[in-house]
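Two complexes follow with subunit A in common, the first pairing it with subunit B and the second with subunit C.
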Partner chain A sequence: MTAVLVDGVVLGLQFAILGVGLTLVYGLGGVVNLAHGQMAVLAAIFTARLMDNGLPTVVAAGVGVLGIGLLGIVLDRTLMQPVYRQRGEARILLGLLLMLGVGFVIDGVLEWRYPIEALNLRIAGEPFTVGGLKIRRGSIVASGAAITVGLMLVAFFRYTTFGRATRSVIQDEEGARLCGINPSVVRTVIFGLSGALAGVVAITQSMTSPVVSTAGVSLTIFALIVAVVGGLGSVSGAFLAGILLGVVNTLSAFYIGTFVSSIILVVAAAVTILFRPQGILGTG
Partner chain B sequence: MAVQENLYLGSFPRRPDAARLELVYETFPRLKERAGQHAGTLSGGEQQMLAVGRALMSSPSLLVLDEPTTGLSPILAQEAYAALAALRRDGLTILVAEQQVPLALDLADRGYVLDHGRITLTGSSEELANDPGVRQAYLGV
Partner chain C sequence: MGGNETVRAYLPIAAVVAVLALVPIPFVDSRSMMLVITTGLLFAAYTIAFNLIFGSTGQLFLCTGALAGIGGFGSAIVSDRYGIPFVITMVGAAVLSGVFGGLLSWVAVSRSLDTIFTGIVTLAFSLSYENFVLGSRDLTGGENGLPITAGGESIIGGQTAPYYVFLALVAVYLIVYRLIQRSHIGLAFKALRDDEVAAELAGVDVARYRIIAGIIGSIMLGLAGACFAHYRGFIGDTTYGFGSVDVRVLVMLAFGGIGSLIGPIVGAAVFTVLDELLVDYAQLREILYGTVTVILFLSFRQGVVGAITNRLRRRSAVDPIVGGSVDDGEVLETTHEPVS
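Our next item is the complex of A and B:
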């Protein structure tokens, strides 16, 4: 039971980082990035290819994460520009459809070029024993990385000028503009950050189980559910929801079955939308 | 966002300056009391103070205010103008559009009377305060 719980928290931390990336981009520009999971998988396959070509793991992972961050920046500067010119529902719909298309393209390319490629960074060695509980090395490293990234995000949003500027745009774009903040620059940088976060999740995920080239859609769905339950636009909400849903997912997969656990996650999202549409920590 | 974070945003894109923040808190002690509070929960007058305080964070050479007393009680309006007078004494140039003419004339060196977007009268505050037209239209005498 405790071992399952630990697995759940490990998975939840990955979910959380994935959800934060999605929620940030939505909060800033109203774009629901339906290619978020595909971007993560792209980073994973890119990293795997670099390793096949002889790059050391750490370098390959770094390049993979930065590369997908760069893709995020490029997407924001090109494909997303007509989206940001729209207002209200039109913007949300256009952003959603365009990113859905990007997701299809990434999925298609991966299936065409690298159908059996996968990133597997399983860390060898004896499991650690913490308080009589055996925890795999991969889980420890993955959680450590996710927690570090999470703390860095909190510090970024709380203590840096750019982080505060980002929050101000999420809260009130007009007000931010009046303070001399350029929302467009903030959006671009954060889209890049969101991509890099997806890359980080791909790397940490592959430490406990291989990330295959077809995993994109399910990762996108996880990210979406986490962002909805946490409240679209709320970073702390996404974090809490990620861990919560990770535990729920792992517990139900262990005691009932994988298929049922997916249903339970979707039900969690549906119940949230019905009873608390702003999410567990969202406002307004 | 908290009051203090709002003030920090005023110095964007530079880093907030501690001395500057202290000056704003000296000018508006109420903001210091509420530094950690969510800005949305402040009263109307306090939000006005915060808006002016945020503008001051960028160390401006000119402060432009559009009817800073809107929605303030007479006492709060007077307090706001006392704060502006203190800033003026410290050498800040202030341009203020105001319907509450007595308050504005007390603060200002020069005044301009606008009528439908045109300047119809101009002069030192003293001249304006003694102008029969102004006295009748705005000063209620």
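Our next item is the complex of A and C:
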């Protein structure tokens, strides 16, 4: 039971980082990135290819994460510009459909070039024993990385000028503009950051189980559910929801079965929409 | 006047069905080509249903494959296991799809921001459908697939006849689409599309109409999926998967023109031909679909067909037949308002 719980928290931390990336982009520009999971997988396969070509793991992972961040920036500066010119429901729909198309393209490229490629960074060695509980090395490193990234995000949003500017744009774009903040620049940087976060998840995920080239759609869906349960646009909500759903998912997969756990996730999203559309931490 | 108008509204359907009825003539001897064009009609049926849900009421259902799969697997499992005639199980399974579609619609429309929530909930539903099909091996056969015997001896198991079964299905779907469009519900849908707030203020029950469209469209998807299961005699986890159904249906509708009557047929025809031409490059298909989706939504909001007819219309004055067959929003506006 406790071992499963630990696995759940480890998975939950990955979910959390994935959901935060998605919710940030939505909060800033109203774009629901339906290619979020595909971008994560792209980073994983890119990293795997670099390692095949002899690059050391750490360098390959770093290049993979930065590469996918760069792709985020490029997408924002090109494809997303017509989206930002729209308003309200039209903006949301166009952003959703365009990113869905991008997701198809990424999935198609992966299926075409690397159908059986996977990133596997399984860390060898004896499991650690913490308080009588055996924890795999990969889980420790993955959680450590996810927690570090999480703390860096908190520090970024609390203490840096750019982080505060980002929060102000999420709250009130027009007000932020009047204070001299350029929302367009903030959006671009955060889209890149979101991509990099997806890349980080791909790397940490592969430390406990291989990330295969077909995992994109399901990663996207996990990120969406986390973002909805946490309240779209809420970073702390997404973080909490990620950990919660990771635990629920792992427990139900272990005790009942994988397909039941995905049904539970859908029900969680539906219940949130019905009863707390503002998310678990939302008010009003 | 009234009769004339009814004729004009249904004429495009009759014309399209007549043309489609001639398509098999060169192919009757080829089992593989009959499969290709029959599958083309299946996708036309899916796309009409998706058009009813997304085109008319703006609900982005990203689970067309899953709803068709409920129909397909539901009918196949019940008819083969319990010996119930497949015609009955098909209807039952289609109703089950309708129940799921209605529930999804209800969850999504119970809040504002419905585009996002519909997209997210239905996409998540697709994931649980796929996990269910893979996970419950004793029911669905998991990744090995499920052979189906029910219906194999009837006309749906033949070589040429199933094409006409699907053509009848497409004809009925087009008529249903048109009927709904011309009814009170259709006028309400149009009011919703034009100005949701104003429609709501005028007493249109937005949520109710969305849910009705969700249910009817989902029943259509389930029935088409069930027909395909009994026709094909074998279904697997990818038969109704997100990658094999949803992606194509979205591209076909975007190409044909969202909210148009004949657009889904044009989209399905174009991509069926394209797939056949590119049969040696099957792995590139998804890249093509993704690229086309992005281009279509960026530049032709009414689909390629809509863009072409708009240009034609601007050149010559209003052509009622072209207008009636392609851009229905216009038809409702110009010919329906005086009718009580």
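Keep this in mind: the second predicted complex is superposed on the first by the 282 of 284 C-alpha atoms of A that agree within 3 Å, B and C clash if a C-alpha of one lies under 4 Å from a C-alpha of the other, contacts with A are read in each partner's own complex, and residues count from 1 in each chain.
Convention: a contact is a pair of C-beta atoms (placed from the backbone, for glycine too) under 8 Å apart; a residue touches a chain by one contact, two chains touch by 3 or more.
All of these numbers come straight from a predicted model, not from anything done at the bench.
Chemist: Clash or fit: subunit B against subunit C, after overlaying the two structures on subunit A?
Modeler: By the criteria stated at the top, subunit C and subunit B fit after superposition, with no clash.
Chemist: Going by the touch definition up top, name the partner, subunit B or subunit C, that contacts more of subunit A.
Modeler: Answer, by number of touched residues of subunit A: C.
Chemist: Once the structures are superposed on A, label A:217 by its partner contacts, choosing first (subunit B), second (subunit C), both or neither.
Modeler: In the superposition, A:217 touches subunit C alone.
Chemist: Mind working out whether A:180 is in touch with subunit B, subunit C, both or neither, as first, second, both or neither?
Modeler: first
Chemist: Touching A:168, do we find subunit B (first), subunit C (second), both, or neither?
Modeler: Only subunit B; A:168 stays clear of subunit C.
Chemist: Now for A:280: first (subunit B), second (subunit C), both, or neither, which partner does it touch?
Modeler: neither
Chemist: Would you sort A:154 into first (subunit B), second (subunit C), both or neither based on which partner it touches?
Modeler: Touch partners of A:154: none, neither subunit B nor subunit C.
Chemist: Taking the superposition on A as described, I'd like to know which of subunit B and subunit C A:92 touches: first, second, both or neither.
Modeler: In the superposed model, A:92 contacts subunit C only, not subunit B.
Chemist: Check whether A:259 is in contact with subunit B, with subunit C, with both or with neither, and answer first, second, both or neither.
Modeler: In the superposed model, A:259 contacts subunit C only, not subunit B.
Chemist: Nearest CA pair across subunit B and subunit C in the overlay: distance in Å?
Modeler: It is 24 Å, taken between the nearest C-alpha atoms.
Chemist: In the complex formed with subunit A, which residues of subunit C make contact?
Modeler: Where subunit C meets subunit A, its residues are 58, 60, 62, 107-108, 110-111, 113, 115-117, 119-121, 123-128, 131-132, 134-136, 242-243, 247, 250, 254, 283-294, 297-298.
Chemist: If you look only at subunit A, which of its residues touch subunit C in the complex?
Modeler: 26, 32, 34, 79, 82, 89, 92-94, 96-98, 100-109, 111-112, 217-218, 220-221, 224-225, 228, 232, 257-260, 262-263, 265-266, 269-270, 273-274, 277
Chemist: Give every residue of subunit A touching subunit B within the complex, in rising order.
Modeler: Spelled out, the residues of subunit A in touch with subunit B are 161, 164-165, 167-168, 171, 176, 179-181.
Chemist: Please output the residues of subunit B touching subunit A within their complex, sorted ascending.
Modeler: Within the complex, subunit B touches subunit A at residues 1, 5, 8-10, 12-16, 54, 58.
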